[in-house]
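All chains are identified by letter, namely A, B, C and D, in their written order; residue positions are counted from 1 within each chain.
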Amino acid sequence: MSIFIEQDTRVLIQGITGSEGSFWTEHILGIGTNVVAGVTPGKEGQKVENVNVYNTVRKAVAETQADASVLFVPPRFAKDAVFEALDAGIKKIVVIAEGIPVHDAMQMRRAALSEGAMVVGGNTSGVITPGVAMMGIFPYWIERVYKQGNIGIMTRSGSLTNEVTAMVISEGFGVSSLMGIGGDSVPCTRFAEFLPLYEKDPETKALVMIGELGGTMEEEVAEAMEAGIFTKPLVSFIGGRTAPEGKKMGHAGAIVTGGKGTVAGKVKALEKAGALVADRPSVTGKLLKELING
Amino acid sequence: MKLFEYQAKEIFKSVGIAIPRGILIAEDEEFGDINLPCVIKSQVMQGGRGKAGLIQFADKANEAREKASALRFGPAKVKKILIEEKLNIKQEIYLAITIDPVDCSALIMASSEGGMDIEELAKTMPGKIIREEVAAFRELEPYQLRNVMFALGLKGDAFKQGCKILMQMFKAFRQYDAELVEINPLVITDDEQVIAADGKFIIDDNAAFRQQSYPLTRDQFDSDIEFEAAREGIPYLQFDGDIGLMCAGAGLTNAIYDLVNYFGGKVANYLEFGGPNYRRAVEAMEFTLRNKPKVILIVTFGTIARADVMAQGIADAVKKLKPEIPIVTAIRGTGEDEAGEILRKIGFENLSETEDAVKRAVALAKGDK
Amino acid sequence: MSIFIEQDTRVLIQGITGSEGSFWTEHILGIGTNVVAGVTPGKEGQKVENVNVYNTVRKAVAETQADASVLFVPPRFAKDAVFEALDAGIKKIVVIAEGIPVHDAMQMRRAALSEGAMVVGGNTSGVITPGVAMMGIFPYWIERVYKQGNIGIMTRSGSLTNEVTAMVISEGFGVSSLMGIGGDSVPCTRFAEFLPLYEKDPETKALVMIGELGGTMEEEVAEAMEAGIFTKPLVSFIGGRTAPEGKKMGHAGAIVTGGKGTVAGKVKALEKAGALVADRPSVTGKLLKELING
Amino acid sequence: MKLFEYQAKEIFKSVGIAIPRGILIAEDEEFGDINLPCVIKSQVMQGGRGKAGLIQFADKANEAREKASALRFGPAKVKKILIEEKLNIKQEIYLAITIDPVDCSALIMASSEGGMDIEELAKTMPGKIIREEVAAFRELEPYQLRNVMFALGLKGDAFKQGCKILMQMFKAFRQYDAELVEINPLVITDDEQVIAADGKFIIDDNAAFRQQSYPLTRDQFDSDIEFEAAREGIPYLQFDGDIGLMCAGAGLTNAIYDLVNYFGGKVANYLEFGGPNYRRAVEAMEFTLRNKPKVILIVTFGTIARADVMAQGIADAVKKLKPEIPIVTAIRGTGEDEAGEILRKIGFENLSETEDAVKRAVALAKGDK
């Protein structure tokens, strides 16, 4: 068992013939993921890493029963690709693209919600269950980060994930499932919406949340903990404690305006709900140990 | 991209939202005819223009000319000035449209307490804020205009003008891929005209490919470096410390920024070395050096961005630019062993732990060896 | 018990100050309907038949807890009024207006479905439970039609309803609840979607469906009967057996094109599902008697 | 309202869908230059124009002129003729957008078997019909264009043109409140041009208030009476029997029409006497009498339309128009007792049962007294 992606999940790769798509298809296959088809309009009949390419998701699903899709398409086409996957009945979608217009992202999230689907991203490294499968772009060959184990990781950041996760691993833990929710201001699925999956996953004993200044996603997790929706131990690191107000540090998610979305507020809410919050990445693993061992 | 007030008002005018009569005076231009009494508004990005003396009032043309000249040629060196008729204000309203990421809606916020800062209002009088949401895929419907305008207490012709203004604001919000459209204050004049006395307009940078009417200009940035980096597509932020950061990814950068502060240092600037920039080490280092930091701190933990490519880029940059300041690196991730090897060859010790790198950079900035 | 509208349903009247609205408000109150508020933009503070008028549905609902609404607004404003009611949380809406653009009707139905609400109409006389309450424009004072009893009536037609129902009453029956689904080509709620309500209504022993050529709504009822969703006796009269192809007899619902939606096809489907179909209005009551008495 | 082919093609052209080069010749106009060989297409509402000889082909200008003249001045009396270049057809495609009332969607239907009637195709080869739905509130997305065009087997430049044509068709469908937009056939020519060789366009009558570009014209109707009634907003249909129906409501009318046939009669016309027309008995009867039926049958069972008002209208109409044919009435509903009284005064027996009224009308039409 894992969350989101299983060994038998039938994965489709949209944009498979592009340079990113074909490069990562090799690695996605490499970890053991069950890739059943690829889609690139106009390239039907080709093969990438021995995976059949179709013109449309509809046809790929009809012929291969794909039930999950990871998208390697440019940001301006992400919305169309997500709609295409949803329309074909796919309920698990990962959107890697960085730079999706926020009005597009709103439509993507809204469409996913109304279809009862889970779209992860955009601007994410995706999803990985080390040793099992991945829909994303993780360097799972880096052993000091992608070691199998019982700690769930969910994160708003690509770059910081390796940093923090390495600290968790260095304390002797491993990772059950890692969900990159993406760094955009409107992620299609929000932190709190993954909690029920982690809660019921027997492989996950505790959860690490890598948060960031801006927005209200960390506060929503605190609320879910208070409401008893998530009851496992949770340790969080939240970047941007000292970030100057009103400055965007690289992406839209990481901005504080008018006192909303401050790290201080997030820390307070999480600690009140029973989580521990690391003030530096390096102590995350130690806090986790502390919390698990009581 | 945040637009200037005069640009926001250009959009308002183009969609049929009334703005005060006025003229825009650019750098070398002469004064035209102005409506008196008038408001002299510096077109700068910074907030709190009133308190900073960047907004002035004048009753006579001479006075207006003098005050405008003081702003243009005095210490503020304002490049563009908007001179507008002063309105006879009966009521000031706050009206804005922003994004609700949870409900995926355009969130309309309105208040009869216009002129106040909405964030201040949200803290002190949250009950005074009227909210109306338009979900993705949906349009702003007439009943929603009525909801807002009745809640604001508008009547008669002002009610009708208010409905139209909100409808047109919403059209502009969608059409221009806006993150924020704000009119504060929206003025109702003594003779029942409803006029956008100020305007904020932020266009989503990610939608730039389909929003090309507003190219980046130098005026939007605090420094030449920021402007030039932005033109190259490289995110760059200016701070006032002495450690130049080249990091990959916003998340890691935020953490490093915090760690620098945690260990007693100060950041001079941040340059995004990740994403598509990871192959552009020479340009990246060039921008960073222009800011004259005491030390450069390079931290990455790469996924797509391969550590060995980045390290080779740094090696090339050092060879070409010959920086005279110390450089601390912690370049990890895919290909990190090769990266260490490359850096060792140019005499760098590529660190494995972020905290070690930050501590060393802070110490170097303080003059330690 | 009844369906859709109960004695304690808190009814709002949108467009209450108009000539139609005020005229029918009197009759809606007259039958005993619990009318709690009216809405006409700009007329807040007025009263119609002692009912308070508000500017917006949101405010009317906040102040009176209205939970159903009947709309007396011109067809071009029907969509906006329905959206306003749905947004205010109202789940039962009756739209009287005739002449709603079909593109508007599609949006109305779609919005109702996604809100889990039931919008009846447009182009309908509405809903009546004789002796209890009504949201509509029925001449309930005509005793040979609006007599209380145990026969549910659902109908696509206003005019034909009185005709057929009179024939049911003349055989000694009475009416439990009458639902006018409206004569438009895109009614917001379709025949088959009312069946679960009639099925569980203890006051309804049997159902009369007054159908019409065109569309597939009668066929959908036959399908629901075959699927066991509706199990009570059903008699139907379907107008337009001899209607010439391609001609619109007054409204868009009543048109046959290309052999689809023929009365013959509908009769066949219904009879196969166990319903009886009258070939003239006058025999509807007799068939009902026959079916009920076995 | 159903548009003529040339009107549909005007819309196509305005949204950028290619149509054949051609000219429209109205009643008194002379011939302009034409592209040869050509197709001569009568602009009439009826279907099956080819079989009826209303579409002709010509290789030479003389021939075209003669054939067009025969259509214009011969027994067909065609008022407008479209003369178009004859296309070199490589493939014919069927493409249409209509309404799915269950899913509240715009339903796109396409088939590589163009030229055939879609209803025929639906019966014989349902698997050959490609379907794509666009729900209310949603837009037609690029992937849907690809779904349709790949399923049609289009490639290269024809694929791109096909995508654009479908997108523009959809825009027109929404913009014009269409019930149907159909291109059959959509032709791919020998040189890979994709051209709308025919066009059907039906605009929702209920949306007329916001779709005023196409006013009703005489040409759209079979008779003067229908056209004049439509201009007055009174639905009127012409049949070929001898009983003139004045009924209130489409449902009841359908039932009466059936009953007339059931009892062996034939309907001459139907006029909608309900809704807003119930106070316009004089005009209604005037239209009905123009059609010269042998008997007028008036059946209503009114709700809003009060029986007494209708009866009084009939009494007024009889007084004014003095019809020389028998009139049978069954005017029931609100105020029916008063209605009976009013009619009795002018010597009419207002019947209570519909079937009795229909039987009497049928008997009267057959000459019984």
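Going forward, contacts are C-beta pairs under 8 Å (C-beta built on N, C-alpha and C of every residue); 3 or more make two chains touch, one makes a residue touch a chain.
These figures come from a predicted structure and were not determined experimentally.
A.B. asks: With respect to inter-chain C-beta contacts, which pair, A-D or C-D, contains the greater number?
C.D. replies: Of A-D and C-D, more C-beta pairs in contact link C-D.
A.B. asks: Please indicate which chain is farthest from chain A, where distance is taken between mean Cα coordinates of the chains.
C.D. replies: Max centre-to-centre separation from chain A belongs to D.
A.B. asks: Starting from the mean Cα coordinates of chain B and chain D, work out the distance between those two points in Å.
C.D. replies: That pair's centroid distance is 57 Å.
A.B. asks: How big is the gap, in whole Å, between where the Cα atoms of chain C centre and where those of chain D centre?
C.D. replies: Using C-alpha averages as centres, the distance is 28 Å.
A.B. asks: Let me have the rounded angstrom distance from the C-alpha centre of chain A over to the C-alpha centre of chain C, please.
C.D. replies: That pair's centroid distance is 48 Å.
A.B. asks: Of all the residues in chain A, which ones touch at least 2 other chains?
C.D. replies: None at all.
A.B. asks: Could you list the positions in chain D whose residues touch two or more of the other chains?
C.D. replies: Chain D, residues with two or more chain partners: 137.
A.B. asks: Touch graph across the chains, line, ring, star, complete or other?
C.D. replies: other
A.B. asks: Tell me, which pairs of chains are in touch?
C.D. replies: Pairs flagged as touching, ordered by label: A-B, A-D, B-C, B-D, C-D.
A.B. asks: In their shared complex, at which residues does chain A touch chain B?
C.D. replies: Touch list, chain A to chain B: 20, 75-76, 98-103, 106-107, 109-111, 113, 125, 137-139, 141-142, 155-163, 166, 183, 185-187, 190, 210, 212-213, 215-216, 220, 237, 239-244, 247-254, 257-260, 279-282.
A.B. asks: In the complex of these two chains, what residues of chain A are touching chain D?
C.D. replies: Within the complex, chain A contacts chain D at residues 41, 44, 55-59, 77, 80-81, 83-84, 87.
A.B. asks: Which residues of chain D touch chain A in the complex?
C.D. replies: That would be residues 141-144, 146-147, 150 of chain D.
A.B. asks: Within their complex, state which residues of chain D touch chain C.
C.D. replies: Where chain D meets chain C, its residues are 99, 101-102, 104-105, 117-119, 122-123, 135-137, 174, 177, 179, 204-207, 209-210, 235, 237, 239, 247-255, 257-259, 261-262, 270, 272, 274-275, 300-304, 332-334, 336, 353-355.
A.B. asks: Report the residues of chain D in contact with chain B in the complex, numbered from low to high.
C.D. replies: 137-138
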